[in-house]
Amino acid sequence: MAESPNVTYSFLGPVGTFTEAALAQVPEAQGKPWRAVNNVGEALADVLTGRSVAAMIAIENSVDGGVSATQDALAGAPNLRIIGEYLVPVNFVLVARPGTALADVRVINAHPVAYAQCRTWLESTLPRHGHIPASSNVAAAASLFDNSQADAAIAPPGIEKHHDLDVLATDIGDNPNAVTRFVLVSRTTELPARTGADKTSVIVELPEDRSGALLEMLEQFATRGVNLSLIQSRPIGDALGRYRFVIDADGHILDERVADALLGLRRSSPNVIFLGSYPRADKRPIEFTSRYDDEIFIEARAWLSTLLP
Amino acid sequence: MAESPNVTYSFLGPVGTFTEAALAQVPEAQGKPWRAVNNVGEALADVLTGRSVAAMIAIENSVDGGVSATQDALAGAPNLRIIGEYLVPVNFVLVARPGTALADVRVINAHPVAYAQCRTWLESTLPRHGHIPASSNVAAAASLFDNSQADAAIAPPGIEKHHDLDVLATDIGDNPNAVTRFVLVSRTTELPARTGADKTSVIVELPEDRSGALLEMLEQFATRGVNLSLIQSRPIGDALGRYRFVIDADGHILDERVADALLGLRRSSPNVIFLGSYPRADKRPIEFTSRYDDEIFIEARAWLSTLLP
Amino acid sequence: MAESPNVTYSFLGPVGTFTEAALAQVPEAQGKPWRAVNNVGEALADVLTGRSVAAMIAIENSVDGGVSATQDALAGAPNLRIIGEYLVPVNFVLVARPGTALADVRVINAHPVAYAQCRTWLESTLPRHGHIPASSNVAAAASLFDNSQADAAIAPPGIEKHHDLDVLATDIGDNPNAVTRFVLVSRTTELPARTGADKTSVIVELPEDRSGALLEMLEQFATRGVNLSLIQSRPIGDALGRYRFVIDADGHILDERVADALLGLRRSSPNVIFLGSYPRADKRPIEFTSRYDDEIFIEARAWLSTLLP
Amino acid sequence: MAESPNVTYSFLGPVGTFTEAALAQVPEAQGKPWRAVNNVGEALADVLTGRSVAAMIAIENSVDGGVSATQDALAGAPNLRIIGEYLVPVNFVLVARPGTALADVRVINAHPVAYAQCRTWLESTLPRHGHIPASSNVAAAASLFDNSQADAAIAPPGIEKHHDLDVLATDIGDNPNAVTRFVLVSRTTELPARTGADKTSVIVELPEDRSGALLEMLEQFATRGVNLSLIQSRPIGDALGRYRFVIDADGHILDERVADALLGLRRSSPNVIFLGSYPRADKRPIEFTSRYDDEIFIEARAWLSTLLP
């Protein structure tokens, strides 16, 4: 019997989450089995064990910042690679069991990130509300049918198609341009092709014995003309004041300037995790001055080799 | 009747939390009324409205990193000042309703930060558990008496003195040296005295129009010999890739080198929030080379003034 | 009898030198006594002793670089100030006693700097010539009438008006755009007015105990947006590897960004000599980004003062 | 007839100069023909044409700084390599024709560099003296027998053994520790072996279109832990404000950190001239932190290659 390669895609469920919307943007995933999981660790475990070919996970939110759980999970699973990036506009509705009036709402069930993004609306509209954290936006809504203490839930738009709920308010997010960035994670070590509009993600640990280590780390990028679109500090966890940084750099590891910056990082850091080079979701070509062109690096190496025995 | 000044201290309750343990370290708060509140926003509001003279809030955790809610709340309340810092060792126990066996535990109620700090123990001991987020560690334990779906809760040691619960396991935190850093926040603008073992906290927004802005910001400290003990990125929230940084710098604003670094920050940043200068919890004197002594700064100003009309 | 203030101007003679041409550009010097001196030390001594009100000295040459003697003399005479800058186009002629043919020239008398600037022409036209150094370009020409071993001399154009010499070749300088920069030096401590097209000159000694000291010194300018138009290393003279730097920075000490850079220099250097702020000879307004405007500095100080007691 | 390889060594003559003393330190030159030449250009031409196998030239003086003529000549002769470095202590005597008294001296013949190094003694002992520049220290002394206007000359100690002159004063140099650094220059492209106490010399042109270019150039060394023992600016000569820098860096091009710094220089500079890697005259081993060890560079490249296809 022929071997059937695993083609399942994992995502943070349940159905209806923003993560599922991100997965819907992946052409290769269409028509393949999708598997809803309960948390990031489970999603990554699916990939590591081969249960899934890839997993879609949220990595950054324009309002709430880096998703700590994802960043820490990636730092602990060095054999994974990001192979794609996807953006999903984020907005929210307030839903309740049928018959509930907005004025009746006292306790709201919401995922902490969603809750944080609706805080302004909540404080002006329902200043005395309480909050019960939920494990996902859809779970929050679904919990309204359980023996829940909550009167309402924050949920993604469209939730009413899946559940018999009343929408009490729409567009309750504080920032109309809010967007969440998702990445597709795989076990492959094959690099996505260079497109000229790429991004390279790394996790870099700072050495503990030097002040100025962060400055030095940033200079590895700056001295090669590589801009950063994300820099997020995360504690290493062993002591206060010890950090690793989650970084998204403009360009592809096949770009000479990026490869050279990675060399510099590796030399100066006790631990660098290469998370991958992949096309940017916004397809915006990387801009850099011509003095960091590939040819400049290649020519310099050729020159040096003429000097060496 | 003479006006009675408000002397209440707010803390993130309920009784028994690590925050309360931090407040217990403040000599001025002893014998004064303490007020347990439900979230950081409420704590800060108490101070801003004058309902409390000060509030104790968690600001950084050695395992989970900066407390985003606190950092974002401080960024939005510029009239507050940190006047003291307190460290509380953090450990956890797993508790359940009397009669529950460890093997029976399937769903655990826990504050997300506490949950993150016990993940290793949980994954090895209870690999198939589920997690329900709680709003505080004590609330998680207390909820076991409600009509809760959880079988057990993660809670601070000593919880069994307040609640009729069985301790199923102790020291379940992944890091035995875990510590949480709390700050006492007030409305006063009076600076705590300079002790030689001080810390200065600021929130600095990066300008959006320049690459290299983070490098430049860090140089403001480096070129004055000021070390940083905390640097935490937080999204400003209006767009992906826009950050502010929460920074703890060694030294007091009354130290010339710190004051000069603040001037440099202010000039290069669209927004700097001074959160305060206050004694370090660990009382460790700041080390810096003599070329950043106060006298060096004072002498240079004197020299310049001889050149100017 | 009323005291008659000294109004003499000193310059490196004799009559006909480029230095005299520079002095001719100074409106205040017209109609006043001019005094030709033999070397830079004598010129500065005239000013220090009050014999002259000011002295014109060469400080930089576009071909031969900084004039070491001038730079070292200024480093040793800290009470002098540069009050103006003047540019003189530099070109040369080859002159000989009447009746000499170009083909007959074997030995050439020339000031070393002039000789260096004509090397290409000399090597192609007179490949076998010898060179006798002279103390000035005009002295070289004048020496042809002495019992000189030289057949010809390098001299400034127009020399034939003062001496009975044949011009064998004109425009023999290698660089048709060659220019020498002169400065007018005085004992006054009054600053020339700010024009928006100013230059500030300093001599900065590097500390000996730190690698990276030069980098740090340059950052004092870079972090305030101050560009440099001259940077010239000179040995301090006590040991190999110990340097001071002669620097021309864009802007006036009354510009906040320049004053602040000077403060930084003074703090990091064992010795800073302020040579003066004065209008640029080329009158080209200084360009700098608005984030280094005076108001930015003033506002930052005002902000800091609100935080201090 | 067998080819006879040229084994002549050129030096700036005449016999008795410090340059000859430097050449006397070269074991390979002993017993070979030595050729005295009149200037640096001639010495380098001897090597370029194959007339000599190598030439000894002065490159830096602890009092007067870099020898401009040498530095500019090396910048214009890119096929030459420095293969060794030699230090000669420098002191001077004042000599005159027999029968001359010190009090009679009015005009002194001296090479400008020697003159500069005796200035303090001359100004206190013979405040009214005049100066005639000579082309070498020994030539100055020898000229006293010509129909010279000079009464005395500055010369190296021991000159009286070669010429019938009276020594009027000894140790007249201002700095008792003065030393001149010489380099032996050859056409070979074979690198001297790595000794651990090496020096690498380069001439680096700054790009004209960027402020901060010098800072960036220095960072190429600093970010690889490479210290500089010489940095000397020289005008490129085409316009005011355009520089190249003569640099001596600690270490050998076969040291990974030095090779990588050279790559960085080459990428950022329009023109880098590699002058050679050679043992330091003082044989002092290079100190650098272990994080710039060869293995660190090699390991980083190995790591990067695992990420690339």
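Lettered A, B, C and D in written order, each chain numbered from 1.
Assume contacts are C-beta pairs under 8 Å (C-beta built on N, C-alpha and C of every residue); 3 or more make two chains touch, one makes a residue touch a chain.
For clarity, every value in this text was computed on a predicted model and none was experimentally measured.
**Student:** Taking all residue numbers at the chain A to chain B contact, is the shared part over half or under half, that is, same or different?
**Tutor:** same
**Student:** So, what's the distance in Å between the C-alpha centres of chain C and chain B?
**Tutor:** From the centre of chain B to the centre of chain C is 58 Å.
**Student:** Could you tell me the distance, in whole angstrom, between the mean C-alpha positions of chain A and chain C?
**Tutor:** 59
**Student:** Based only on mean CA positions, could you tell me how far chain A sits from chain B in angstrom?
**Tutor:** Each chain reduced to its C-alpha mean, chain A and chain B end up 25 Å apart.
**Student:** Quick check: what residues of chain C touch more than one other chain, meaning two or more?
**Tutor:** Within chain C, the residues that touch at least two other chains are 219.
**Student:** Chain contact topology under the given definition, line, ring, star, complete or other?
**Tutor:** Here the contact pattern is a ring, one closed loop where every chain has two partners.
**Student:** Pairs of chains that touch, anyone?
**Tutor:** Every pair of chains meeting the touch criterion: A-B, A-D, B-C, C-D.
**Student:** Contact residues on chain D for chain C in the complex?
**Tutor:** 38-39, 41, 60-66, 68-69, 72, 112, 116, 119, 123, 130-135, 146-147, 149, 174-175, 177, 179, 181, 211-212, 214-215, 218-219, 222, 227-235, 237-241, 243
**Student:** Can you check the complex and tell me which residues of chain C touch chain B?
**Tutor:** Residues of chain C touching chain B: 189-191, 216, 219-220, 223, 253-254, 259, 262-264, 266-268, 272, 274, 291-292, 296-297, 299-301, 303-304, 307-309.
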